[in-house]
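Just so it is clear, A, B, C and D label the chains in written order, and each chain counts residues from 1 on its own.
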Amino acid sequence: MKYADNKITDLNIAYIGGGSRGWAWTFMTDLSMEPALGGTIRLYDIDQEAAKHNEIIGNRLSARPEAVGKWNYEVSSSLKDALTGVDFVVISILPGTFDEMQSDVHLPERHGIYQSVGDTAGPGGLIRALRTIPMFVEIAEAVKEYAPEAWVINYTNPMTLCVKTLYHVFPEIKAFGCCHEVFGTQKVLKGIVEQEMGLEDVDRAEILVNVLGINHFTWFDSASYKGIDLFPVYEKFIDGHFEEGYEEADRNWMNSSFNCANRVKFDLFKKYGLIAAAGDRHLAEFMPGNTYLRDPETVSSWKFGLTTVDYRKKDLQKRLDKSARLVSGEEEVEMKPSGEEGILLIKALCGLTRVVSNVNIPNTDRQITNMPECAVVETNAVFSRDSIKPIVAGEIPDQVLTLVAPHVQNHELILKAALDCNYDLAFEAFMNDPLVRGRITEEEGHALLKDMIRNTLAYLPKKWAELV
Amino acid sequence: MKYADNKITDLNIAYIGGGSRGWAWTFMTDLSMEPALGGTIRLYDIDQEAAKHNEIIGNRLSARPEAVGKWNYEVSSSLKDALTGVDFVVISILPGTFDEMQSDVHLPERHGIYQSVGDTAGPGGLIRALRTIPMFVEIAEAVKEYAPEAWVINYTNPMTLCVKTLYHVFPEIKAFGCCHEVFGTQKVLKGIVEQEMGLEDVDRAEILVNVLGINHFTWFDSASYKGIDLFPVYEKFIDGHFEEGYEEADRNWMNSSFNCANRVKFDLFKKYGLIAAAGDRHLAEFMPGNTYLRDPETVSSWKFGLTTVDYRKKDLQKRLDKSARLVSGEEEVEMKPSGEEGILLIKALCGLTRVVSNVNIPNTDRQITNMPECAVVETNAVFSRDSIKPIVAGEIPDQVLTLVAPHVQNHELILKAALDCNYDLAFEAFMNDPLVRGRITEEEGHALLKDMIRNTLAYLPKKWAELV
Amino acid sequence: MKYADNKITDLNIAYIGGGSRGWAWTFMTDLSMEPALGGTIRLYDIDQEAAKHNEIIGNRLSARPEAVGKWNYEVSSSLKDALTGVDFVVISILPGTFDEMQSDVHLPERHGIYQSVGDTAGPGGLIRALRTIPMFVEIAEAVKEYAPEAWVINYTNPMTLCVKTLYHVFPEIKAFGCCHEVFGTQKVLKGIVEQEMGLEDVDRAEILVNVLGINHFTWFDSASYKGIDLFPVYEKFIDGHFEEGYEEADRNWMNSSFNCANRVKFDLFKKYGLIAAAGDRHLAEFMPGNTYLRDPETVSSWKFGLTTVDYRKKDLQKRLDKSARLVSGEEEVEMKPSGEEGILLIKALCGLTRVVSNVNIPNTDRQITNMPECAVVETNAVFSRDSIKPIVAGEIPDQVLTLVAPHVQNHELILKAALDCNYDLAFEAFMNDPLVRGRITEEEGHALLKDMIRNTLAYLPKKWAELV
Amino acid sequence: MKYADNKITDLNIAYIGGGSRGWAWTFMTDLSMEPALGGTIRLYDIDQEAAKHNEIIGNRLSARPEAVGKWNYEVSSSLKDALTGVDFVVISILPGTFDEMQSDVHLPERHGIYQSVGDTAGPGGLIRALRTIPMFVEIAEAVKEYAPEAWVINYTNPMTLCVKTLYHVFPEIKAFGCCHEVFGTQKVLKGIVEQEMGLEDVDRAEILVNVLGINHFTWFDSASYKGIDLFPVYEKFIDGHFEEGYEEADRNWMNSSFNCANRVKFDLFKKYGLIAAAGDRHLAEFMPGNTYLRDPETVSSWKFGLTTVDYRKKDLQKRLDKSARLVSGEEEVEMKPSGEEGILLIKALCGLTRVVSNVNIPNTDRQITNMPECAVVETNAVFSRDSIKPIVAGEIPDQVLTLVAPHVQNHELILKAALDCNYDLAFEAFMNDPLVRGRITEEEGHALLKDMIRNTLAYLPKKWAELV
């Protein structure tokens, strides 16, 4: 990397995935608005056409005069080509198609098991992990061979298991996972503090929080804004608005059609005294199955949405249509900051700044002091030149640990199940998932798990076919 | 203590409890048959008459010529009198009466939650803990004040929480918990190895095992007899006898009416590859509620008994009748070794021998390397003069850890709930118990827990009355 | 605390000590230049006249129109008065007088043991600790009673043992130690990077470093400036300037007469590959006695100074003279930023900002992963509202750990020696100190240690008189 | 292995080394007297003639009618042949000749550095380690390839570094180190307890001790015999016999000419309150160089011997002469139990018994709770079928830890120095050794270390020749 005038102009970044378009465009847009960085983006996707389209869209964007960050987009034809010699690797893949996801999310409904997202925890998260982990094994091996010194940024779900796989295969990997759910919760706090204290233009990034937990089931045990402790403010707001909840006026495209009144978050605060730091649709999936996701009526009373896969299919079609228009030049990418911190982290790792942000990495340094070292956790860390140093986040309170623990155990079981094609371990994890446990018998469990695995066999190692 | 001729004749032991007779007599009998020890037993029970009767029975036994261990039994009128200056304290109390236990065991059946014992885990174990912990707080404080150097041996259930309370109140206490379930499992192995290999008179104590887990949910990850690895022997036996199980011909009085064909144990071995080391009635209660204890038919198919409290009441009456006969001299205590190791451990702590035995103590030394230090665990330890040193037991495999973990979390929650009279923590633990979780709603949970607490209010700190 | 307009105007700070003037004025000056803070400073010193003078000087300073931070200075007549209700406590005391220090520093010269500072490690540091620890016991007990929620900032040496004592007496204390030696080393790097790369006006605070070690024997294992890795820059500089070293043109008053060409630092880099982050006079005292401090000629060849206590006495007299002039109004305090970060940290702890800085606190969170939890270590931490979270610093390399370890052991021994007035432990530490070990016999050691203790008896608990 | 009638008759043991005869004969003799074991011993030594002679001696011994353990001795011509398929590996090699040892022990005397043994710590121990470690790398790799499941018993010095090397190269190795120094100290206690209490025929093995430390610098923090606490007994004896010490009447051949009155041991007890558990000649070498080994007069006043290498050479010649007589049949091996526990441990690992004994293994399970996991430590452990489980030994007191710590650090440094042929690390360790530190300058240190390395170049990897 060449530094001059506080700027780097020859960065090489491999972007793996992006076929589903959304994240790729966000990333491109943020890059185009960052003056301190420039270089080459190598696009690699198993859907070569998607990569080709992104190449056109990226170069078109970069050519616009208002784009202060200049990048050259190139399609790579193999992981080897994409990775060799890069400084950063971004992973944002969709494991399987929405047809597989249809089964993940909706098949368990036959036993009354509802899922609001189905990509992280629950039966759906498990199956998605089974098909994602082998892909991440392949990526980790390629990084080890072709780009062992590169920083690897993962955006793919299930986040925790993706990161865990990378470190399992290549323990020296410099990988971390980024997720915007914490930012979303900071925005909720921003809205509440503005409303409660009559403030204006509170900057989300100035809401300082201590983050601890696992991805999509993350918690704040402190939060402040310019010397104001936000816990009493939050509590007071909940006291006054528990029934209606809090809905953001201004939401970004990621969440626009995903209903969330933060009532689950409020209820968790009343029960446990911490601020849960993810969208309600995610949070609900980590809790026992007979609480927020008991049945559609219960979900409705908690005012959050069950995102159907039909919706996702329609939404994808919209993005594909938009892609066609962007490729043809009929439409232009809107240059608006995404609010994501990915580019900021890249700058910090290049040494241009020092940044505190939340991150998903193994708990090797016991940043969460009462979780095992092997767990992948989400906490704050300090990013600086070629370095991520976790900030000690402290202990998760016992009651919350009780909620988090079965998921951490499941990550261990699921990783091994996926690596070894071990049905017994997968079943153990399946029955141990809080959405499932106690709600179906072992016989029902075997039947459901086997059906779900069968529906995704196309994306699994062959050995699974013999096991189900 | 005076040592002479490899013998100690002036030991002072406080025996707390014993009103329910059984354990007290076992202990007395074992003492009377041990030539190397003698001294005074101070009997303390809130039921003074029971203590008085045991005094008569004990002294009568000690006076018999065939009693080689000579002991003087005396009733103490207070904990202070019982404890001051003693070398050992034995705790064997019954917290509450069988009326309270009636509610503990049977009330949850209204939601289909069955319990085979109800004194350790499950809803019954939780309620029993709530009334036991305050008693152990009182005992621990008395030990701290009157006998801080004494060794404290606990036989009371729920074992783990009793030991945990003792250490919480007085961290320097020299306390440990003894339980015979491991011996019972060694006896099963003895029977199987005799049957499979045509051996005779295998000594239970020569079945060498590595013990790891928590009381009543303990596991062996190795077992051998004179160089023979017992794992393949056990596996072969299960292959041939899975349906009928294994029933001991010779069972001691403790288990005589408690049905157990070890089929749960066999099933756990098939699933997890370890030998579960407790009676099936205990093991079943630690597993998810829809497995072995799903309903009475399921229980029956696994061939173990649901011990009703009606049975216990009748059994107690028999012991009280026997007590009357023993006091009157109409009947004599039978001098037969119990198979318990309590006396052996006392000898070792006096320095007369060095013994390896299983014991329940805090995991402070990480004897189980992947469990938290605060957990009370059951592993082997070396007993020698004034010293218990845990033997490192190693790791519990992930799958089994998944089963053990919610109980360890619950111990933490229940201890705090009991110490602080905190309903929320009790409820969290209640819903987290594998027999309960996923099987009833939060509303049902609140109603059941409150009803169960109300039924035991007579034995709880007053503050609970306001909470339910 | 009242926050309004991003400002706090009612802070209460207790300042313990300050009789030696220098640090007190630095602190006052920095406060007067910080617009976001204001309130009351309570001055407490056993030298009441010194406190009274500082009160006059402080209030005079605060009254000047260019002082944007407004503070009211008040003398407190007792620790209780000083502490009750404060938000912060600053400790900057001189334990004993320069007469005691005369013995600390110079008596060991009779055996050829030279000390360049004598306030942290070595025989002098040990004796100073013996008289300082009882004072810190008293302060910690007072904080526990009168200001348990206050943040306590220590500037007194021996830093590590002062902080260790505070936490030993009151484990819940919110205390930390601040030291500017790291900043001094950042300034050396700033000078070198300017010289080597032709840069101008590099900001010391933008030299980003990872800090690990113990106070005055601290190390950087990474250092960068705007994306530039400073390790190769530093190495190249040393290659070209090892003989002459590097001397700063611009030095602040603290070091002005203390010679330091950074040659010890350069030599340590050549030997161990890390940047030692304290002045050479401090570093040399932590190394074996026959290296940099072997004799005055050796010291001279390494181009650092042995600060005599005669010099210190003269320097103090100058400050006392200046104090008289400041009190009389004949002279004014110069309002120039000190470069210290104390005020910045107070702002952060008030929630007005989030800051990364180096700090001395116990290694409870294993911020240095291969040092014991009980050690007090220096690493970076994140300061934010009512919170210090250590940043994981990683491992100290084996060779450096070998150098650090005897000091960490000595801290443990000296703390206990001082708390219990235990001569044996003090002697063990004395002979274990690298400046001493192997250089004198046990007999010589006993004689020297006893003489040194005798010379400071006026400041020790009475019991010591019987021991020497 | 075939078990029948509580006996194993087909064991395969590889014996690596043995050229120096003594240990090999002890081992053979013990085997011949153990009725429960039999099989084949494969002898491998780089001195093939020595192996051939031992084959003859072994088979001759086994043929004697009073030999109840029957073994077939065979020479193996390669490590591969020796190891393939064996159950146990015994390592007892002499790294280098006595000419190399001459330099190890005596060269440092030019700077007044005396060594009483020179094979474990001190300059001699370091050099011996440099030549031993590469041999153990070779053995460990061979075990990994040819006998990965075998138990490996090491008797070679420097014990700690030999064991550390085995685990470094092959982390799954089942290796441990055996040493009789602990037994020797038990014998001292036996003698003292007999003398002080008028007892007779106290069995050394009934002296129960808690062992903690590193090989040859091991400590007891408790010791008892049949309920008698031996600490006050030991203290009383020392009070009465400090000046003359304690000399054993009955000593085995290993120590016969090695003077030891246990005065060092007594002095360490007075200073630190623990019983040091090795011969004084070993203990003295771990202490700072100006204490017990200051000069020959000091050594003499402490009443222990400096074992010269001339003595060793003569002693070896005697053994070689004896070997010739044993081979020719002129003389017979004397069948007398050695008092070693090696054979007992083999029986236990075969499952024939369960034994508690002291052992040198990595501190992976934190058996010594305040030493690092990477250290190889000596503590008690339980040996049973295919299993060694350490018994938690607890904490080493701070003062003693201060003495042990530099050696543990040196093990880390020396291992790396030897593996990587790194002179800087070797020098760091050399100057950090308590016999050396503070007593010679860096210049003297470089000259001495280089001379010592040069004298042993014939047994080092070639790269060292370039470094010195």
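Everything below uses one rule, namely that a residue touches a chain if its C-beta (ideal position, glycine included) is under 8 Å from a C-beta of that chain, and two chains touch if they have at least 3 such contacts.
For each chain, UniProt lists the protein as follows: A, B, C, D = Alpha-galactosidase.
What you are looking at is a predicted structure, and each value in this text was computed from that prediction instead of being measured.
*Asks:* Rounded to the nearest 5 degrees, what is the angle of the rotation that puts chain A onto chain C, matching CA atoms?
*Replies:* Rotation angle between the two copies comes out at 180 degrees.
*Asks:* So what's the Cα centroid distance for chain B and chain D, whole Å?
*Replies:* 44
*Asks:* For chain A and chain D, let me know how many angstrom lie between their CA-based centres, rounded off.
*Replies:* Spacing between the chain centres: roughly 56 Å.
*Asks:* Distance-wise, how many Å sit between the C-alpha centres of chain A and chain B, to the nearest whole number?
*Replies:* Here chain A and chain B have centroids separated by 46 Å.
*Asks:* Where in chain B do residues touch two or more other chains at once?
*Replies:* Answer for chain B, listing residues that touch two or more other chains: there are none.
*Asks:* Which chains touch which?
*Replies:* Result of the pairwise touch check is A-B, A-C, B-D, C-D.
*Asks:* Report the residues of chain C in contact with chain A in the complex, numbered from low to high.
*Replies:* Residues of chain C touching chain A: 1, 3, 6, 8, 208, 210, 222, 224-229, 350-352, 354, 356, 365-367, 369, 380, 382, 384-387, 389-394.
*Asks:* Under the stated contact criterion, what part of chain C meets chain D in this complex?
*Replies:* 271, 288-291, 294, 370, 372, 398-399, 401-402, 405-406, 409-410, 412-413, 416, 424-425, 428-429, 431-432, 434, 436-442
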